[in-house]
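Both complexes below contain chain A, partnered by chain B and then by chain C.
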Partner chain A sequence: MIQRLVSSEFFVLALCVLLLAGLGPFTPGLLSAENLTNVLAAMLPLLLVAAGQTVVLIGGGIDLSATAIIAFTSVTGAKIMTLSGGWMPGHPAAVPVAAGVMLLAGFLIGLANGIAIAWLRMSAFIVTMTSLMAVSGLTVWATESKNIADLPAGFLALGQRPPSALAIAGGSLILIHVLLTKSIFGRWLHAIGHNARTARVSGVPVPAVTALSYAVSGLSAGAAAILLTGRLETGSPVLGQTMMLDIIGAAVIGGSSLFGGRGNVLWTVSGVLFLTLLDNALNLRGLSHFVIMMIKGAVILLAAGLDTLRRSGQTE
Partner chain B sequence: MKSSRRSILLPLCAAPLLFLAGCGPSAPKKPVIGVSFETLQTEFWVAGYDAIKKECAAQGYDVAEAVADGDAGKQLEQIKSFITRKVDGIIMVPKDAKTCVPMIKAANTAGIPIVLFNRGADGGPDIRTTAVVADNIGLTKLTVEHMIAEARKTGRKHTAAILLGDLGDLNGMARRDGAEAALSAAPDVVEVVARIPTEWNQEKAQAGVVNALQAHPEIDFIFTSSDFLFPSITSALKSAGKYHKAGEPGHVILGGFDGDATAWRMLQDGYLDATGVQDVYFEAKQSVQAIADQRAGKTPAPSILDPGFVIHRGNMAEKSSQMWGTQGAK
Partner chain C sequence: MGALLEIQNLTKAFHGVPVLRGVSFKIQPGGITGLAGGNGAGKSTLMNLVGGNLRPDSGVMRLDGQVYEPANSAAAARAGISFVHQELNLFPNLTLAENLFLTDFPTRGFWISRSALSRQAAVLLAKVGLAYPPDLPLERLTPGERQLVEIAKALHGRPNLIILDEPTTSLSPPECERLFKLVRALQAEGCAFVFISHALGDVLRLCDHILVLRDGAVADQGAAKDFNIARLVTSMAGREVRQLFPERAERTVNAEVLLEVRGINQPGVVRDISFTLRRGEILGLSGLMGAGRTELAGLLFGLTPHRSGEIFLNGKKLRGGPRPRIRAGMALLTESRGEDGICAGASVNDNILLATLPAHARGPLGWLSSARLKPVVSDVSESVHLQTKRQGGEPIRRLSGGNQQKAVLARWLLAKPQVLILDEPTRGIDAAAKFEIYQLILALAAAGTGVILISSEQEELLALSDRILVMSRGRLSGEFVRPDFNPELLLRAALAHHHSNPEVPA
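This part shows the complex of A and B:
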């Protein structure tokens, strides 16, 4: 039974319930509506970018450039619409244009990563790490490290008003979920993650599917940047810089495999929920920052251990 | 075997959660101040954090701690967690002057006093907060003026490099402006040939100084916007064979800002000419007092200035007891 529970896709969700039930009565504010709303709002950007990472992980890859894409698209969108020296200050179309450019820029950077990995056969780790460095450098150089504020209220509402933030995140997640579970792309991606060579022999267009998976990851990072920039009311050249461990950690805790071929957006939702709730509960318990870091690190390590056990179970 | 390994994993997952229920402080009876630092990765912030904790204890407050690791989004969640916990006040070191604005607004809306420690906000008149900050421009200007006076004594013109901080941080900008103001008044003594952006990052600082020394081997005057970058500077100077004590041939005139333990050791050893010392204890005391004043219905000033002081070889015996870095050096 324990074996089945641990292997179950609801295991992480059960841990979330255990976390709330175990700590709720002893942690003032944890179960309050206000706090749970905060948790939900906090998890949406992470959810979006972790869902994109899940797509890449299923195909057996990894995208380390997501945080750089968040920062780049954040300042690009902010520069278009800022009321202080922007390219379209006060223009009625500034917000949709800026949001569209943020998504397009994320998609194109992701696609460039994907093309280098799929057609040039370069290592995903090296390509996305290099992309992280180059895009971060470009962002800081172009902005001279300066934040861009004075953004239109209509844009801030996208990240700050729960209904609009939920609509952006929820709509994107449904699209990615449908893409992974109901389309031929999803079946091909799983096949590539299980064994790329076999998939190629079976007629799967491996390079195109791989490249598209990175483009989806970039697009998700652009969408996450819309929410984060709106919440912080500022386009920042270092936005999301420290999120990478949470992004990969949430996907792996949810059950996506670092070895490819296994993953699901709904599992990633559980992983993000667990990581965000854990962070929130530990903060509300008043634990030291360093203790929180150690606990989160241990939980992610445990999830990676489970992933290895699952994989060894499949191969034995 | 597989089954037994997995059987071990479930209790391993569940036990920490149950254990945590018993962790953390018991229900506090004293009022609580939430303290959110952008980072604790430099000596200055650790000293500031310790000073605030001591001052809170002295004024009868408990402390709730949060560190954002340089992530403004995470800091926003931490501030909202403080608000959910209904803390009695918030002291924050913001990531930068802009991204803290929605955090201040959230605290304002909740009616919780919020004070910014050592970094100001750039949010206009819509936000209510008190910023306790060093006189970054004035103190930097005094520090660089002392360095210029040392340069003038040599009777020759010097070539300078300035290490800039994160220019999204008001402190970084103010220190740049203070240094530039002093240097522009002495073009006959010092010429600036390199302005090195560091974004408060030691690796970038070291690479920047190495590049500057290669491009301009004649550099003999370096000011850094923060003392925590001195290890990067000394490493680059040593590699270039230019790290010498004051009075020795080839000495590079060095100055900084903060007053940390490294600066104190360099000053004692004769390598450092001057540094602007922020009075961490003054800033901590004023921050906690500003919370207490707001809770008592008073309205503190939007900005409380720490004048700080310049320490150099001429006054180090007299001023060392006020320099927070001497505590870390012990």
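This part shows the complex of A and C:
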């Protein structure tokens, strides 16, 4: 019974409603339209990266490098279009070129991770962790730890105006979701996450599919960087640095498995929603940042525990 | 003098399949008993009962006249019975002394007493004639020497009976001699042995009593001096047929060669393998466990590389991994379903479709339409009589072994292979499902598929194959064409390359 409840698709969404209903009356401002709009707008970048992370998790991997990719693509894009000392200041094509380069850079860094993991058979944990270190280091070193401001208004609008931000995030999420559920790539990825040996025997191109999953994760980090950079109005070499726990946490809270084979972008959306609402509500209750971290950590640990429980229920 | 170990009417079944059907025998103190039998005869199960790893369903064991019911291998060791397994339980990265005392370190308080460890290890090593310092890492020893370390480990418990399961498979002839010398020396000190081996010459030479198992029952036993290889082989092979097989239409196999294998070599795995497979032919591959049949299948399918030799399908040379070979018309149903046959957590339908998704994908992104896939799956599920509860939407792990195997077969049927390699297709599944799988195999062959059938169940090979190739220690050691099948000859060929089987023709 409990197992049924916990593994239901709507379990986490129900938790979100419970959270709002339970804390709303005692937390002034939580249920206000302004607050909720803000929360939703703020969670779009996290949604994008967490969806990319979900792709990697389904294949049985993990991508710890997403935040470094966000920072790197943020300053790269900013450097291209900034009006003070950029490579294409004021050029009419600067914004599309910058956005395109940010996506491409994210894709390529992810692909490099994927190649090391899939063909060189290195551990995903180590590859993406060292990638996190190296890319973060490079980003801070190359910018001398300075933000890059003076971005063109057209770019800021991309990440700030709700319709365009929502369109970018929503469109990407739908694309990833459809890719996972309706394409051959999605089927293959699930099979690899379940049992890579069976997949190989059945003719699945395991290395290519695995590498591609990391490239998708990198691409989604690049897309998240477009939104985040626009919101902050600067390219920052430490952008997203604190997001890592939330990215993996949201996917796991949503119900995607750390053991591979099981995951869904829609679940991840609920996970992100829950984590963001929890953070927001606790903030509004005036709890300190550190207490909030403790609570969020406990919630994610609980979700990972449920993941293991579901898994052991499987193998019985 | 009473018997050391007396066994009366021991039975054991796994999932309703009887493996031991009432086995009785005695082991005298200080005797060496040779235990022989084909694959699945029940040798390992019997010794696992004696060694405390399994518990019998019924029957009595008496040790020194006392009822003996070991709860686990540690209890067996305390009672004086040590089991040296075929797979050595040693750690190459640890020292000889550490390997010897891994479960029983001499301690001083909380700490390991290094000096006591060295001293006691040296005593054990001397007993088996290994003149190495106890702190030498095990990885520096040869396989034969490691076998001696394993025996030294067994001696630590001062056993009255040591069970040696296939101790000579990875040993060179001089290493074997050394092992036998040690066994005789320990026998002189009063230790009894059970010696399990396919090297029948060794069994005859070393043992003073012989016990032959077949189909879980004692087929023959007596003093070793009354045995020769011929009597052993005859007792092991037997004649009786228990399994039910579908009617097999008499037919002549089309002359067209489908698959040609030329001089395949892979060091340590297979040697000089050449054969052909014709369209519509069922080619059985027989041999003892570890003969290299599964390895050969993996190599034909591109799962593992080979150093030399070529494989042609329809005259085209095969290269690369499983993917291009599936495209060329090959399929492999693997031996261990759980490990590389199914995605246990995925749905039955996803498992069935796994190998043929590209054929149904549309557009550059490879879209799949579930409406189009549904009839594909339901058709093939019906043709293999697959029984599922939710139209195949449930995880495949919820199905019985037989239905799981049918689903994997369905996966390959969809690929319409020209060459289908089946590695132990009926292992661990019930009789009804077995029968259905036999029917499928025959139907496929009748439709022109070339089938390579690997099976440890000889009756299965005899009933289904048009031709049987026998492998022994990585080499082909015999070829038999229907109707000239003879269980005894098959067994002889399977034993051929086990050294010191002098009377077995190579």
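In this text, the second predicted complex is superposed on the first by the 314 of 316 C-alpha atoms of A that agree within 3 Å, B and C clash if a C-alpha of one lies under 4 Å from a C-alpha of the other, contacts with A are read in each partner's own complex, and residues count from 1 in each chain.
What we mean here is this: a residue touches a chain if its C-beta (ideal position, glycine included) is under 8 Å from a C-beta of that chain, and two chains touch if they have at least 3 such contacts.
These numbers come from a predicted model, not from an experiment.
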_Should chain B and chain C be called a clash or a fit once both complexes are overlaid on chain A?_
fit
*asked:* On the A-aligned overlay, A:Arg161 touches which partner chain: chain B = first, chain C = second, or both, or neither?
replied: neither
*Specify the angle subtended at the CA centre of chain A by the CA centres of chain B and chain C, expressed in degrees to the nearest 10.*
120
*Just chain B (first), just chain C (second), both, or neither: which does A:Leu284 touch?*
first
*Would you check which partner chain A:Gly261 touches, where first means chain B only, second means chain C only, and both and neither mean what they say?*
second
*Which of chain B and chain C A:Val201 touches, first, second, both or neither*: second
*Does chain B (first) or chain C (second) touch A:Ile295, or do both, or does neither?*
first
*Which touches a greater number of chain A residues, chain B or chain C?*
B
*asked:* Quick check for you: in the superposed arrangement, does A:Leu232 touch first (chain B), second (chain C), both or neither?
replied: first
*With the two complexes overlaid on chain A, what is the closest approach of chain B to chain C, counting only CA atoms, in Å?*
17
*Contact footprint of chain C on chain A as seen in their complex*: 179, 182-185, 187-188, 190-191, 194-195, 197-205, 261-262, 314-315
*Can you check the complex and tell me which residues of chain A touch chain B?*
2-3, 5-7, 15, 18-19, 22-23, 25-29, 32, 34-35, 38, 42, 45, 140, 144-147, 149, 160, 228, 231-234, 236-243, 279-289, 295, 298-299, 302, 305-306, 309, 312-313, 316
*In the complex formed with chain A, which residues of chain C make contact?*
301, 303, 321-323, 326-327, 332, 334, 339-346, 350, 353-355, 357-358, 361, 365-368, 395, 397, 411
*Given the complex with chain A, which residues does chain B contribute to the contact?*
2-3, 5-7, 9-10, 12-14, 16-18, 20-25, 27, 40, 64-67, 69-74, 76-78, 80-81, 84-86, 96-99, 101-102, 122, 166-168, 197, 199
